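What follows is a pair of complexes built around subunit A, which joins subunit B in one and subunit C in the other.
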Partner chain A sequence: MVSDSVRHAARLITQIENGVPAARAVLAELLPHCGSAQLVGITGPPGAGKSTLTASLIKELRSQGRSVGVIAVDPSSPFSMGALLGDRDRMLEAASGDPGVFIRSLASRGVPGGLAAAVNDVVDVMDAMGKDVVIVETVGVGQGELEIAKIAHTVVLVFVPGYGDALQAMKAGITEIADVVAVNKGDLAEASRAVQELRGQDYVRHDPTADRTWVVPVQKVSALRNEGIAELVGLIDDHYRFTAQSAWRSEIERNRRHAQFMAFVTERLRAELASIDLDAFDAGWLRDPYAAAEEFVTEIVKARADRGAVGLAAK
Partner chain B sequence: MVSDSVRHAARLITQIENGVPAARAVLAELLPHCGSAQLVGITGPPGAGKSTLTASLIKELRSQGRSVGVIAVDPSSPFSMGALLGDRDRMLEAASGDPGVFIRSLASRGVPGGLAAAVNDVVDVMDAMGKDVVIVETVGVGQGELEIAKIAHTVVLVFVPGYGDALQAMKAGITEIADVVAVNKGDLAEASRAVQELRGQDYVRHDPTADRTWVVPVQKVSALRNEGIAELVGLIDDHYRFTAQSAWRSEIERNRRHAQFMAFVTERLRAELASIDLDAFDAGWLRDPYAAAEEFVTEIVKARADRGAVGLAAK
Partner chain C sequence: MSKEHIKVLLAKKKIDVHGRGTKLLARELRDAGMEVVYFRFGVVDEIADAAVQEDVDVVGVSVMTSGQIQIARGLIPALKARGLDNVLVIMGGIIPEVDYEPLYELGIHRCFAPGLPGGAVAEYIRENVGTATLG
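Presenting the complex of A and B:
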């Protein structure tokens, strides 16, 4: 796949979204061409200006001559879309007509293997297309958020000070997922106070593969005024280089492949399970679904052990 | 378990939240005492006034002498809580000190079997406690929303007119999950217009077990002024009675048990999978996780077939 085959990529992504089995065979062919893209996750609460920030990042990266892929992850609720996705249009507008930018939104509803797996697949497509940087932007609400954060080399957590008790809520988020913090709307007085307070906390991330830590930098930005954006890109790049100095980066790659494996196993097993006549299996499942489920799994584990299969050993 | 053993119930619910295996044995003992509670789901976009409406419903149901359990489902994001859950306090305040009301919030993060399964379990606890009505209130954002909607006898979709292009977004939600629609902030002029427009659409739900349909009623309410609340409860009760006139209601019960079975099977299989050394199983999984996953599932299906197990037949 070469960078001008945008139509092929678009079709493949639609197949991934719809869970078309054939897409998986194509993805397998793409994998040898993957691994050179820098993966950046953008997350934060609704209203933090993630889409506007993403648009600013695109502009900055393009001015440096780097090509960009963007995956905008949509919330799955049937009735919250309108309320949350207003800024997306502006982002798409900023990039329209530039062949160095490829933007796709990805709706989580109906993605059979779960959103995190689909995002991983689309990252592979954009990586194979030759995009230098792939940005995954999420809405910051929902169960899949943390999972999605794990697939990026660098997770940027964006927030706006003075939005409810945003700062306190944000601290938990920083501890859990942030590699870089962007305090948006830096023109507000609260922004400087928030930056000061967060910098004083010395948030660190531990390299899972070596005895070294990354101190989480806090950058004040104004996405609308385009301030602090070049500095933010610099910090993202610093973190990316940091992950290359140990096995950390290849560990992230391994996690991504493992997530794809697990998602597909779960999806396939769910489909198999849905085809079972539970009454034939165990008439007692309505009285005690948990005992029936335990019995069912024990049977699978034993069946594999009988065949001498690796793993899933009976205990 | 009797209605005054609130401390026991509270402890059990905490165990469910934390995925303590012992909780499942207790749940199995409760099941024979379940089945009499009326289950009401309250959902809608952020800002629709779901919590205030829930507080009004509690008051109305209590004035009718009916006991109430409330499960307030929290969003799973580490940094969106503060922004979305402001009204919850008011709701809790309204019910404090009344032994006929039992309120628990349920955080989705860390619930091993998934949120929908945990909600089902807590519904069972409140049902067995003898609550006449159990209300499940969700935040209206996220993947689990539709699943949670399916476990209630009656799903009430709440929204506020004039909130973005709320009406258009809402129509999809109504079609998909609503049994009753509540147009909140009925004092606004837009509310009457919205009610008019929605009533003209004749939304219906099809009884999955018989050839009959339920026309979705649209009720204007003002949760703050306590207007239209008695009417809303009347409509919820009408729908509840409607589901009893066919196998519809027992089908909902069956779905709830099936969801518990599936959630636990998935959780147990995931745990088994996590313990596998993928490299020992298939050195190629990093090159093609999907082919490795397919091989893995095929092996399980074959192993069960070899043992003559029901279902999961090799194709």
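Presenting the complex of A and C:
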């Protein structure tokens, strides 16, 4: 029975990945069972040890009796569209035979905006499965980091010592998205200096809903040796609790649902538009597609405004 | 049968140190447009669990140091028990040819000799994915 539901969930995730419209109805049914999972984003430069760290987090969370869902995203090759979905050794070892762990690898498939939408939906599937914590791992190269930040309650930026130039780039990222910084490969000699340097920066995050700030903690870890992992989980939980002490937590969740709404509407409208036969277009419209598009959208928005629908007023 | 996104799980035994073959094949399959998850397994249930959660179309097992018969004997029922009746199961590595027939009888769809170009494996997968059954 349990394996049955795992199979269903796994297939639903495939449908989500493939943009199968039927998945939408199932997701809608799952929604009442969502909302209890704690969402943790893990991001950072390639090779920082995100997957290894995720494996240690699985072990730590399981030892605390918390069930875990993992969504590990790796980039698709722009040439073949194939993907190497990482080396899952340590993660699967941490999960081995444990029904409290569900690990799913996703390829980014190069759909702009589409990835975040799919990940959002997959999070709902794992949430509805009753996973206490859902971890989303993505390589932080540009836009991906910001998209993940909208999904997770807490974003952990994994950083490694000795990156030189990357350090500067990462610093920019820290101020924008990191709620917790993990300096991984703490077993290497240079780690302590990196930790000192980052701590010295006194990074803070401003609560968007109240006049208070969260001081971004910097934790040294060794994912390889399982050091500092319990402390890291403690910091993630601290941040999670902190966001609940104001409207911050609900703001994060609102952002997530808003992103989903945007993605659904975009996808639905695209499908509707694609189904309109070219012959149905007025010749004048096709001569001036810009004006036609404007008129088309205005018409929809105005129809909503006319019947008093809130939220999307006509400009 | 063709399929837009073919997902492959490649597994090799934890004690097999020769990792290059599997990683090379993983790369070749990626270059052939497939999405590949690879890992080292201790027991076959780990392969089956990962195959369900990842919802793969193909399971490939690399065996370098014998044990292929036991693996097949455990793996096929484990996959079936999890409802994976349509997954394509292939084996590679160092497998004596006399074992091919017994392995096919146990439900393995195809064995590949070592040193075979990845293109041949990709082609086989592309042609057979989605049509296989685990009887």
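Just so it is clear, the second predicted complex is superposed on the first by the 245 of 315 C-alpha atoms of A that agree within 3 Å, B and C clash if a C-alpha of one lies under 4 Å from a C-alpha of the other, contacts with A are read in each partner's own complex, and residues count from 1 in each chain.
Note that a residue touches a chain if its C-beta (ideal position, glycine included) is under 8 Å from a C-beta of that chain, and two chains touch if they have at least 3 such contacts.
Here the structure is a predicted model, which is why all the values come from computation and not from measurement.
In the superposed model, A:Gly186 lies in contact with neither subunit B nor subunit C.
Using the contact criterion defined above for the overlaid structures, shared-chain residue A:Ala95 touches subunit C, although it does not reach subunit B. Touch criterion met: A:Glu294 reaches subunit B, while subunit C stays clear of it.
By the touch criterion stated above, A:Pro161 is placed in contact with neither subunit B nor subunit C. Contact with neither subunit B nor subunit C is seen for A:Gly228 once the two complexes are overlaid on the shared chain. By the document's definition of touching, of the two partners only subunit C reaches A:Arg7; subunit B does not.
Between subunit B and subunit C, it is B that contacts the larger number of residues in subunit A.
Once both structures are placed on chain A, subunit A residues 76-77, 79-84, 86, 109 are touched by subunit B and, in the other complex, by subunit C. Taken together, the subunit A residues at the contact with subunit C in this complex read 3-4, 6-7, 10-11, 13-14, 17-18, 76-77, 79-89, 91-93, 95-97, 102-105, 107, 109.
On the subunit B side of its complex with subunit A, the touching residues are 24, 27-28, 31-32, 44-47, 75-84, 86, 108-109, 115, 140-146, 157, 159, 163-166, 168-170, 172-173, 176-177, 254, 257-258, 260-262, 264-266, 268-270, 272-273, 275-278, 280-281, 285-294, 296-297, 299-304, 306-307, 309-312.
Within the complex, the subunit C residues that touch subunit A are 4-5, 26-27, 29-43, 45-46, 49-50, 52-55, 81-84.
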